[in-house]
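By letter and in written order, the chains are A, B, C and D; residue numbering begins at 1 in each of them.
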Amino acid sequence: MIELYIILGMMIVGAVIAIEVKRLLPAVITVGSVGMALALSFLLLKAPDIALTQLVVEIMAVVILIRATLNKDVSSEYYDYRLLGGLIGIAFLVLATLAAMSAFRDLPAFGNPVMGVSWFYPLNAVGGSGATNVVTSIILDFRAYDTLGEATVLFTAVIGVLAVMRPRGRKTAEEEAGAGDE
Amino acid sequence: MSREHSPGMSVIVKMVTRLTAWVILLYGIYIVLNGHLTPGGGFAGGVIIALAFVHSVLAFGKDEASKIATKAGASMVEALGAILFIAIALLGLSWGGFFVNFLPKGTPFDLVSAGTIPLSNIAISLKVGAGLFSIFLTVTILMKSEEKK
Amino acid sequence: MISSSTIPLFMAIPLGGAFLCALLGKRVKSAADGIGIMAVVGVFMLSIFSVITLQATDGGRLTTAIGNWQAPYGIQLVLDSFTSFMLVTVNLIAFLVMIYSISYMTRYTDKWKFHTLFLLMLAGMNGVVITGDLFNLFVFLEVASIASYALVAFGTGKNELEAAFKYAVMGSMGSLLILLGIGFLYSYTSTLNMADMAERLQLLGDSRITLTAMVMFLMGFGLKAAMVPFHAWLPDAHPSAPAPISAMLSGVLIKALGIYAICRLLFNVFGMAPQVSSLLMVFAAVSMAVGAVLALKQWDMKRLLAYSSISQVGYILLGIGIGTPLALLGALFHLFNHAVFKSLLFLDSGAVEYATGTRDLRKMGGLSSRLPITSGSTLIASASVAGIPPFAGFWSKLIIILAAVQAGYWFYAAWAVVISVITLAYVMKITRYGFLGRIKKQLEVIVEVPAFMRIALVALALICLLGGLLLLPGVREGFLGQASDVLSRGVVTLSEVVR
Amino acid sequence: MNAYLPYVMCIVLFCLGVYAVLAKRNIIKILIGLCIAEYAVNLFLILVAYRVGGRSPIFSSTDVILPDVMVDPLPQALVLTAIVIGLATTAFLVAIAMRLHDRFGTYDITKIRELRG
């Protein structure tokens, strides 16, 4: 599994670069590359569906993020830290890593999932739902209700973006035809 | 408007985009239709379809591209996808419950198999693709209005 | 009236309404109002029926397996008394707020987007409440959260956008912590159904994983509930939203997403551990104090109310932390009361803003002569917040304090009494500066708000007045008693749920 | 310890994201932090699902794959949902960020707080 460790290490390095680089456009592109490395690691971890989705979603996210950085104050030359937040952040980083390290010892070791419930899905995917892709059979049949929620999240985001992007939120006094003084 | 002054990127990019956008679109459709057999499915395929449109908008500029894909059209397709998905869920009620896979399962590894799953995949891909594309268009239009100021 | 196959309707009706709103709202002018009202009335009636149906159901629990895939393999929806209590609270407030916003939201552009997002938020909250599956809870929590971020920014002014950004970033952080907690728990128990998880956790015994996951859930859901170390978003987000949304956010959203989930997980999945309950009580005491003291300093009416929400959530969490049946009854009753009086107060502040154009208490004064209904309902709600008998708020606070004394937590009882004195002080500030005294010259032209808004205000004020009746013997057992029983009975295992 | 090294690296990634959210002043950097934290959470779920020597959870028409050598498919389905939710959140946050830039002319969160007054 050495290639997994290499990719994870590269992701951490990429994340540090993305967070610390001065200009915004390189930062966004670096975070895109971290996402691509994530897709690669999904592929190594035998999750091709997720790898594909992560890859295309990452492209979409990077396109949107780049649109946000174009023609804006691209270089962040000012002092880019909030002191209090930074201290809390570092404290969180150290504490969480330590806590997680002790907690992980109670987890099943990496590569040995318990699969208490999920043995059901591979066994019944073909017979129960007819799909040979077990992940698809889960998201569209066994747990289709989740997928409805997920589609709703996306719908909410679309309506939310439309709502936020309205040029004016409140009507002017004339538009309102004399109902109060705004 | 003459070709040189048209918005968007250079002629080379446009020429290449004419080809690649279709290829990307086709790939997206392939991913959607084979979602129950191979990796992929409605979400990945939907995003790829959205990216095909995003690709052409980026290359040709907003005005040119809005001849084929508008925001109103996108929201229409999105609503269509949502209604299709809800309809599949509700149709299940007459077979015993919300989201029951009521169609015959067919033979495994066939393109037409797995009951409602391919239909759900198509519904979701319409919804995801159109939704993301309209987010992209909305964000782009704000950019344009800003530049005018 | 309600059978187990109709449980998905609690989520499906508002969701379908939202889709219809998005389709028709743009083209047909008044469609959005009509669809919104119809959807909300529909779920409200259903939730009332659910309470009645559960009386007659043995075991007090209705379940349905989505897609006929039995739990723990498929997603299971569970309707028990606690759920139907939350459903009644959420949908009651949503119904009245929806009536109010018919008039209020004419001030904003693109009303159909408001209605769509409102219904999506409602669908998300109902979805969180009725589900029996941990990941499904997360998905609907995200639906409600994203809708609420968008609604906070609905005015698209400077303050709104800044507040919405802060809220959205902190809220997403909270969601990620919750998802990480779910990941830990999944890895440990290898199931997502909450009842099944409870069963497996009991078999596996205590471990550091349970503790880590519990801490993550406390941080994540505590962020959604605005528990004190994670409250920073609330005083910005709640005042910035349009008044009906402030009422929804303060009244029910922080409870459905935060407190409900904390209760459900701590009592029914993990089983309340003494360390966690004492931790919760410390957080609660700090929340009560911080919220109340900061509320005293505010001059912006909505901001004052927002800080007051933090303080009142502290009361609810204190009751939950004490954990005796009496305390849980008090906490749930206070949850209901707070939903009613805080949404009433926010709607009042909206009405004042609608009439006068300001939220600054220093610029108001003597409004009671011009706005009799608004000021009357504000007085009733204020009395209820401050805990003046015989209003509903008095009884719930009394129960929590009594429960603290009964359980031997003298310090917390005294603390709650002290905070309620501070509560009285900041509530007096609203009435003294806003509604009593002589009216200012420039405010003499204002008129009372439109009829729809008045209906909502009067209805909520009536519930505030009569809320104490829920404690009467006979009524109490049916509604509040059963709901708190679900919690005090402790861990619910899958075999109990499926039977 | 080696058995848990991927988990630890994943948590480090998560903490980096949280650090960026808490410590950075630039809105886009905060969004980047959120993205990274989200990657870490998704990665954690997939790591949990992995089985040494396991196969992808997809049956093949040419190759016999027994169900009990597959990796855990359930977290993969969850991550699929989580990725889309993350994209929705990111898109919405970018929209708000662009509106903020529209209104305030800067991405600096402390300056925005000052300008808001």
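Here is the rule we use: a contact is a pair of C-beta atoms (placed from the backbone, for glycine too) under 8 Å apart; a residue touches a chain by one contact, two chains touch by 3 or more.
Treat the numbers as computed from the prediction; the structure is a model and nothing was measured.
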| item | value |
| --- | --- |
| Maximum centroid distance from subunit B, chain identifier (CA atoms) | C |
| Approximate Å spacing (C-alpha centroids) for the pair subunit C, subunit D | 29 |
| Interchain centroid distance [CA atoms averaged], subunit A/subunit B, Å | 20 |
| Distance between chain centroids, defined by C-alpha means - subunit B, subunit D (Å) | 23 |
| Overlap residues in subunit C, where contacts from two or more other chains coincide | 8, 15, 19, 22, 66-67, 135, 139, 142, 146, 149-150, 153, 156-157, 161, 164, 187, 192 |
| Touching two or more other chains - residues of subunit A | 48-49, 53, 57, 60, 64, 67-68, 100, 105, 107, 113, 115, 117-118, 121, 126, 132-133, 135, 139, 141, 143-150, 153-157, 160-162, 164-165, 167 |
| Multi-chain contact residues (two or more partners), subunit B | 38-39, 41, 43, 47, 75, 82, 86, 98-99, 101, 108-109, 128, 132, 135, 138-139, 142-143, 146 |
| Pairwise touch network: line, ring, star, complete, or other | complete |
| Contact set on subunit A toward subunit D in their complex | 1, 4-5, 8-9, 11-12, 15-16, 18-19, 24, 27-28, 31, 34-35, 38, 41-42, 45-50, 53-54, 57, 60-61, 64-65, 67-69, 72-73, 76, 78-82, 85-86, 88-90, 92-93, 96-97, 100-101, 104-105, 107, 109-113, 115, 117-119, 121-123, 125-126, 132-135, 138-139, 143, 146-147, 149-150, 153-154, 156-157, 160-161, 164-165 |
| Residues on subunit A engaged by subunit B in the complex (per definition of touch) | 48-49, 51-53, 56-57, 59-60, 63-64, 67-68, 70-71, 126, 129-133, 135-137, 139-141, 144-145, 147-148, 151, 154-155, 157-158, 161-162, 165, 167 |
| Sites on subunit B touched by subunit A in the complex | 31, 35-44, 47-48, 50-51, 54, 58, 75, 78, 81-82, 85-86, 89, 98-99, 101, 105-106, 108-109, 113-117, 120-121, 124, 127-128, 131-132, 134-136, 138-143, 145-147 |
| In the complex with subunit A, residue positions of subunit D that touch it | 3-26, 28-29, 31-33, 35-36, 39, 42-43, 46-52, 54-61, 67-68, 70-74, 76-81, 83-92, 94-99, 101, 106-110 |
| Sites on subunit A touched by subunit C in the complex | 99-100, 102-103, 105-108, 113-118, 120-121, 124, 128, 141-146, 148-150, 152-153, 155-157, 159-164, 166-171, 176, 179-182 |
